[in-house]
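Please find the structures below.
Here come two complexes built around chain A, the first alongside chain B, the second alongside chain C.
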Partner chain A sequence: MSKSLVEKISLWQLAVLIFIFEIGSVAVVGVGNESKQDAWLAVAIATGIGICLISFYMFLLKKLPGKNIFEIFTFCFGKWFGKVISFLYVLYFVYIASRVLRDFGELITTVIFETTPIEVVMITMMMVICYMLYLGLEVFGRTAEVFLPYVFSFILLIGIAILLSGEMEFENLQPVLAEGFGPIMKHIFPKLLTFPFGELVAFLVIIPAVTHFDKAGKVSGFAVLVSGFIIMYQKFIAIVTLGPEQLDRTVFPLLSAAREISLLQFIERVDLVIVFIVMFGIITKVSVFFYAGLKGLEHLVNLPYRYFVFPIAAIICYCSVQISANYAEHIEEGLKFIPFYMHVPFQILLPIAITPLLIWKGKKQQRGTDKHGSV
Partner chain B sequence: MGLFNFLFYRRKNKDKGNVTGEEFFQEERLSKQYFRNHEQNKQQIDQLFNKNFDFKMESIKLGDKDACVCYLETLLNKDDLTDKVLSAAQYTAIDGTNRNMDTIRDTYFPTLSYEYADNFHRVVWHILNGYAVIMIDGEEKALSLQIGNIEHRAIAEPSTQTIIRGPKEAFIESIETNISMVRRRIKNPFLTFESFHVGRDTKTTVAIGYIGDIMNEDILDEVRMRIQKIDIGGVLDSGNIEEFITDKTFTPFPLIFNTERPDTICGDLMEGKAAIFVDGSPFVLTVPSILTDFFQSSEDYYQPFLMSSFVRMIRYISFMIALVLPSLYVALSTFHQELLPTLLLLSIQAQREGVPFPAVIEIFVMELTFEIMREAGVRMPRAVGQTVSIVGALVIGQAAVEAGLVSNVLVIIVAFTAIASFVTPIYNFSISTRLLRFVLILFAAIFGLYGVLLFLVAMVIHLASLRSFSVPYLAGVAPFTIENQDDIFVRIPAWANRKRPTYLFAKAPIREKGNESPSPPPAKGGSK
Partner chain C sequence: MVTITFLVTLVGTLFLIAGIDVFMYKQSFFISIYKLFAEDQGTNEIYVDSALVVGFILALIVDFRIHKNKRSKES
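For the complex of A and B:
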């Protein structure tokens, strides 16, 4: 195994990656819209569960420090069965990467370039992502750091600008919990929990590459918390600006909300600008899944992952065009099929399934080293 | 074979440390031997230099021995030579006693700085360096005396990096003068200058300056290693060696900082950087350099911190303007008209009404015209300088608009972009914006704002991947370090800025201790 390219990212870079990853595509498609005016509440609860989830992931990683999820699978299931599971995860990551890419392609072709083929958008974007991942995880982390202030401040500014434009109707928030907690919980599990929080499963590949691994748990928990707040803030803006009915109808809620901004008769139609801010969120998100998939391949075939960057990028582009015929189908898949048949098993069931194995094998190994004495 | 050479030279140089004169001519046809026989030596030297009109070999007598003085008269001060060497040699004839080399030097040339040359390469090297070499019959070494200096340009004001308040002297072409200008400012005994000779033909003196108790050793070793590795015919300016020691050549961004200001160099040395002086070049390099260095001027530290922070912001903004303004114009006017306020859009479209070109052609032609004028302005003789400005202003500015070839807005944009690109304190940094601007316009013409952003993301990725002597090019920003924020985008008052930049891993990370705000503590209670 080529270990010459050991790359490390700092804790702050990890936090930045998690943050941008979380708010990335949520800013595009919006989540929890079924909960109507209580969507922000649903996000708040989901954030809490999301923190539990990342703590659980950290618990798994801490059992074998420095090993990523693929190496953990091999440890738990042995060489061959571990590789089968790893391969499934690679497929999953590549598939989700192409879904996220499709989200963005749809956004661009719907809002800005109506006549441009979606493939053009996806391929150009994928080329930039390839370039970044080819240069490595460190470059990825640093690039994310550079863009953090823009992503963060623009999302904050949207709310302030809408407020100043006088388009916010705070009555839209009422009635709070009109139908009780029941429906909200139903929306949280599994949809809101798996997207965006459950997708953190991809970080099971990245977190082991952090310089201060012992502090990674706290930092990632904190990053999830902050991004939960930002998602809540976005939901809040969308609800008070659009109202629950329009929120349910619109395809890109935050975008529709930003369209209301009109300041000084100069700052108008900023929704376009927001598309571009969201762009970096998408780049990060695709890259994280893409990188996770590449690392899986590296583990499977024992070759540096850089060999696979371009082939897999081509596959992702192709998949993202082919996975669905149109945006309605894409969203339908994303809401009905994906959470139950892909997210839940890969994000929750499989990690839970390996937990007892991991603990048992870990203990066995420890006993073994105790018996034979450490080297 | 190339790889072999590379490894071989590296190994060899590592053992060697400083390269001195005698190693130079090894690969050449010169024999190395220095004979005890005077005639043989004279013949050898004569063979090498006899076609030169300025080569002189004067036979003299030192005591009872035959000797000769060899020198290139264009390289030394003839009067000094006569005064101090030739006339002194006359006394030895009167003296008449038999002496050896050391006593001769002690007695007759006690005030001159000297070196012994015990092999032929060294003799040649000394002659080429402007020494007067005295060879004595029967001695096994020659005596080289340093006489006078060659004329240099006087120290003048900086011509490319001007400031309003602060020291007004700039480096010149002589490395000794340049180093003395730095030594005069820093009286730290650990200030060290290591010299190397680079260039097969020029054997130019290259000196690495650093402060031993601040500079990080690993970075310093890297600098030494890269300079020793250089294999080049001639070094005529620091720009020649810049391309040899930079981490990456295929980038529009300069990875090595250059300046002609001694105060800037001193500041960098005290931060823990190394300076590379090249004989014959008034531009001194400092390494490692990061992106934000190119947005700082030494004047920032002489002006009030609020003002210099503001000016720094202006520099960053104008960098962005110089980079993206033309492409934004293309993107907005062709793809995203809805982003512009209606009135502005109407006014722009009204002006563009008669223009026969699409916006991208229009701006390409104008930017190209400007680049041509800029190059003409730099290159042309001073006497005709007026012409370009008149022709440029009248023809390009006014006539083109009146003829309806370009719109007014576009002229404004091109002019503003040009001015913004001059804001950067270091001239060669604006190269990046000048080159990337055209690519960006192309991207904007194809993909609109999406293309511009995509390109900017790719540019940031590229920047994030760059390193200068193992220091990340975006250090301070990515990887983000809160400690370094006191001197990057803004400058905090000098008394509060106590730390050296952490990315340089200085041996002494704290600059000075115990500084406090100079303002008096708030009065307690009422005044009496």
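For the complex of A and C:
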């Protein structure tokens, strides 16, 4: 018998989680760099498609209210095949959590703790995440709520500070659409769409736990829109400060842009503020994927997910080191393999594949209920 | 059950990582697996190896506690 507790988060907490989740690792590695000076435009278009994607996910969840993606798989494919698909999703979530944790480890060991082993940084971060998730989804939601004002205001202030430092060159934005929409669209699908917007597939586990489920669709869409604007803003800052050529060569674009800040010969080295934003973004992102994986295991073996928190955290730590030998390899895999062979199937193809089954089985169940109700 | 889940998830994730290496670097699956377990010189992989062992021990402890609770409920 399942001993899972009922955990609920508010609509505001859901919006905050989506917002911080979206800007999480985007602030580390940047997105749409291939679109050069039109990257902000690519992000704007991808945001529109991202809103359509989250609306599609909501459509799936509304077919079986209160059920998460794993329960939907069991409903669609039956007990055993549903469990196989669920297990594949668990592996996907654990693997992506490891990748995000690695992003953070690389940033910290490059920028702040240069002599600290990356393994120590990642284990420490994972311990914080473990503690937060062990206390539950509600604590996770409240933590995100507490840190939101800092994350939001720091991002806005970074742009203003660079502007006041006189480091922005707006000519860097030109020429706009020099090669037309073609190259931009090529970068949007699948790379920009799957990272960061498609990763919202992990919220198919969290959204059913929202108090006012009927309003979750609108709130999620709005949160994706706001986060899209913030990513655009970040991209805009990076382009006008660094220029498209330097942007392409920089490993951590927003961080490099923030290093240009020098106000009154007093306010300098504010890149630590970026590290704070990234740190909280990564905590949220790893936690969401980790929680999604844990809920998957809860569904698979019918035991409360808290039992798995520490063991699976150890696997995430271990895999974050094993996924690649160095940062260059990590980024190469992230650009050449992950979007095409992992993100697209798990974020888009499988959810599309279950849609007709879900509609058909939902109607069948409805007919059965009506029949029994009328007798 | 927690220990089994831990082991199955670990093996599944490691196979996934090895599979990606096979695809990316056109090497055999066994070489990819070997490279995962080989300790690279000058790295601190021992930390995460230790974390993994601790995770395994915790999984065993959780399983033992579940088993103990079950038995005390039955008696």
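One rule holds in what follows: the second predicted complex is superposed on the first by the 370 of 375 C-alpha atoms of A that agree within 3 Å, B and C clash if a C-alpha of one lies under 4 Å from a C-alpha of the other, contacts with A are read in each partner's own complex, and residues count from 1 in each chain.
Keep this in mind: a residue touches a chain if its C-beta (ideal position, glycine included) is under 8 Å from a C-beta of that chain, and two chains touch if they have at least 3 such contacts.
Computed from a prediction, not measured in an experiment: that's the story for all the values here.
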Touching partner for A:F152 - first (chain B), second (chain C), both, neither: neither
Partner chain(s) touched by A:F222 [first = chain B, second = chain C, both, neither]: neither
Which of chain B and chain C A:Q322 touches, first, second, both or neither: second
Partner chain in contact with A:I312 - chain B first, chain C second, else both or neither: second
Contacts of A:F280 with chain B and chain C, given as first, second, both or neither: first
Parts of chain B lying in touch with chain A, wherever the complex brings them together: 335-336, 338-339, 341, 447-451, 453-454, 457-458, 460-465, 472, 474, 477-480
Chain A residues within the chain C interface of the complex: 87, 90-91, 94-95, 98, 117-120, 122-123, 297, 300-301, 303, 307-308, 310-315, 317-323, 325, 332-333, 336-337, 341
Residue ranges of chain A touching chain B (in the complex, touch as defined): 10, 12-13, 108, 112-113, 121, 124-125, 128, 131-132, 135-136, 139, 141-143, 145-147, 265-266, 268-270, 272-273, 276, 279-280, 283
List of chain C residues in touch with chain A within their complex: 1-2, 5-6, 8-10, 12-14, 16-17, 20, 23-24, 36, 40, 43-45, 47-49, 51-52, 54-56, 58-59, 62, 66
